[in-house]
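Presented sequentially are two complexes of subunit A, the first with subunit B as partner and the second with subunit C.
Take a look at the complex of A and B:
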């Protein structure tokens, strides 16, 4: 890893040089909020934002993607055969992504790329991706990243981590992919001497995080006891079972597979799914093992804060970005639920 | 506002202690500013959790269908009209309910106020029609009337239309509002402009169904978009499927929508979905002189037939 300095006057020209080599994504103002979107040639990422409304997971994992196409026309020799659709896996880079969101991509990677399964579309897009993260100088009151396994300047995941120092950026270039990108942008000014200033900024940002969660006791809870805890009815009462939390979440990875046919032409696609929906678990028989909203709400929190913890042993399945906290239409707050789960003792009322 | 909360707690305690109801549905303080959480209280000793202020926008009628308990429910004007609709549509019985009526002066639009302030809001207080917001190194005072949700700004039924007990005297109704300014603007467009307008409105929809699920009217056991045998609508963010969902949802609310604003308040990407339902509300008003949820004794226009019903629109 090395630290370089990028004068802000060199930022735009450097980004401009990247368009030839990468498809670029960055935060873009869309109405009242920012989202990550593909940048048109010459368009700059708008780095004057705190957090995007939707997470940038769609850069690697689009909400809807067609995987196969087929024909039902039996006069065709290849009828009823799923044929994989060609996709663009050329290099792509996301500029200005928050460190927590990069951490989330690494976290989701556990699901899509592991010794048991390798999801070809995820793996190829992930491999093609270079992440240029921007540390958060001013985190929100709803950010609880520092107690969710990451932080406003987490440098463990991004290929390049930028720190906004006012008139210039300092950049930690961590990986070969990162080296390749800064090389192509022409950013090379050595700033090893300023690494300390970047660390100071990181410490300042971390000290501004006022929202914290306790997760230390989750692993030791007995799953079935937590499952049967008395607080779920209270937690779930207000839930309307919409998909806001899951669709905005950077770590929700579940998808649904759908076939769509028009005439004799069909395609097989996958779409983000949401465990808040009854359809998520509805069996072909009509039986639904999660028949009500309390069961669904419990699943979401148990997955992130208990099953994930137990299965992977590397913390919780949440990076503390606070999107669900801010946007839940009925104010269900994962921080509160985490507290209830972490302090739960069977037999003791804790709602 | 705090007097309202005190009154709500008092009524709730009495109802729970004397066994009139099994539970009271109201609001507890939100974990972040500008939104409170719907909750239930079953124990008279715990009524202190109940609060009231201008961030109690969620329509509590949404929590009533198919419940078996005797319920005390806190109701603003719009909630009360949706309660009436639920009773008329047999989703709950009048006898099960003890309606704690709250005269309402409108709910704050949490997104509008954040945009107006442009900074992170860490605390909010309100008094005498003013909202004071503060955050890191600033404090700002705004007129509540200007920060209202769009539907509240044009609300003509702020006082509950049905209640068993009111927490305060009725507030004056807004009589000089044009309820359909936005609909008229869309009606005035030619077909192409209108199409483009709708396309733009729906751009960004993520099919989370927060609008549908926040709506008290959407209680169908299986929504048409969730049917799989046959499947009516595709589930991707394809424009045609997304349009189909929004337009059909709106039509299903015809003659039933109270313009409570639940759909818009819930939308995580800020789509003004009321534009669809309001057109149907306007049609029902103009064709049948109908406003939803005003009376337990009149059947809604779309489930009755009268020989004198106007029919120009189907010629």
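Take a look at the complex of A and C:
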């Protein structure tokens, strides 16, 4: 890893040079919110933002995508056979992504790329992706990343980590992908001597995070006891199962598969799905193993804070970005639920 | 890169109505590209995703046995969009299968042991696969006594009736066929619910005897205490679960019970394993 300096006057020209080699994504203001979107040639990412409304997971995992195509026309030799389609796996880079959101991509990777099965679309898009993260000088009140396994300047995941130092950026270039990108942008000014300033900034940012969770006891809880805890009814009471939390969450990866047909042409699609929907688990017979909202709310929190913890032994399935806390229409707060879960003792319930 | 979502094209070679209510049909598929058979090497207890273009996919237990070569067989209950479309398809039609998926009954662990197979209703498909596999001359000597308790609502609702009769006639398998009730005066097998017949006919549980249970929730609920009474330990009771699925490979996230995915970590679990996870199935 090395540290380089990028003068802000060289930022725009450097980004401009990347358009030929990468499809670029970055935060752009859409109405009242920022979101990650493809950048048009010459368009600059708007780095004057704190957190985007939706997570950037769609850069590697689109909300809807075609899996296969087929024809139902029986005069065609390969009718009714699903066929793979060409997809764009040319290099892409996301500029100004937050460190927690990069961490989330690594976290979700455990689902889509494992020894037994590899999701070809996820794997190839992630391989094609270079991440240029921007550390958070001023985290939100809802950020709890430092106790969720990451932090405002977490440099463990991104290919390049930027720190905004006022008139210039300092950049930690961590990987070969990162080196290739800064090389193409023409950013090369060595700043090894300033690494300490970047660390100081990181410490300052971390100290601004006042929101913390405790997760240390989750792994030792008995799953079935936690599942039967009395507090789930309370937690779920105000939930309207709208699914907002799941769509904006950077670590929610569930999807649905649907066939779409127009005339004789058809395709198989996959779309983000939500465990907040009763349809998610409804059996053909009408039986539903998660028949009510309490069961569904419990599933979401148990998945992130217990099942994930137990299955992978690698911390919680949450990076503390705080989006669900900010945007839940009925103010359900994962930090509070985590507290209830972490301190739960069977038979001694008192919320 | 191997695409685990891409179905293998197959042709419907034969479709047979199994039950008097005409809701269960057995489909025998042959591979459009014969070399694909190599990719679909399965063990008894696994399942596949049946893919109907324009409709979708459904996870169905494999009813044929790995010892039956050249084709693969599934028995499908007509219940929703895909299964209804499948029931309306004709012999010769092209569709797809994906798999084999999930784990299987623990044959490696059960080698040399006695096996009691307990099935109810249309959940007999992977049990048929198991029985055919076990009775294959190459496999029969590897296992001890084999008992089968299989029940349905009425004689006309039993699956694979010709084969049941053939197995009845053999002396290397103990068949205990039963129906909930019948007005057929010629019915020569048992009458009674599966748990009752299990209590009467199944051997006592011990370290060398395993029970494989597959059936509707109500049957499972009442069979479990019977097996406990007979002395079966929870790690000797093997069960196969179902949940709504899409991907079948542990990625789409909907079939989990606790931290286990029914599609990838199951569908086969011991009762001992199930005791540690929420009963969301």
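Keep in mind that, in the parts below, the second predicted complex is superposed on the first by the 351 of 351 C-alpha atoms of A that agree within 3 Å, B and C clash if a C-alpha of one lies under 4 Å from a C-alpha of the other, contacts with A are read in each partner's own complex, and residues count from 1 in each chain.
Note that a contact is a pair of C-beta atoms (placed from the backbone, for glycine too) under 8 Å apart; a residue touches a chain by one contact, two chains touch by 3 or more.
Every value quoted in this text rests on a predicted model; they were computed, and no experiment measured them.
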Partners on subunit A (subunit B, subunit C) - clash or fit: fit
First, second, both or neither for A:256, with subunit B first and subunit C second: both
Spatial angle subunit C-subunit A-subunit B, Cα centroids [nearest 10 degrees]: 90
First, second, both or neither for A:227, with subunit B first and subunit C second: second
First (subunit B), second (subunit C), both or neither touched by A:72: second
Contacts of A:335 with subunit B and subunit C, given as first, second, both or neither: first
Partner chain in contact with A:141 - subunit B first, subunit C second, else both or neither: first
Least Cα gap, in Å, left between subunit B and subunit C after the two complexes are fitted on chain A: 6
Interface residues of subunit A shared between complexes with subunit B and subunit C: 256, 258, 282
In the complex with subunit B, residue positions of subunit A that touch it: 30-33, 50, 53-54, 63-64, 140-142, 234, 237-238, 240-244, 246-248, 256, 258, 260, 269, 271, 274, 277-279, 282, 325-327, 329-333, 335-336
Residue ranges of subunit C in contact with subunit A within the complex: 1-7, 9, 32, 51, 53-58, 77, 79-80, 83, 93-96, 217, 242-244, 246-247, 249-259, 264, 275-278, 280-281
Subunit A - residues contacting subunit C, complex: 67-68, 70, 72, 79-82, 84, 111-112, 114, 116-120, 123-124, 223-224, 227, 253-259, 261, 266, 268, 270, 273, 275, 280-285, 287, 289-290, 295, 299, 302-303, 306-308, 310-311
Sites on subunit B touched by subunit A in the complex: 30-32, 35-40, 58, 62-63, 111, 115, 120, 122, 204, 206-210, 212-214, 226, 228, 234-238, 265-266, 268-270
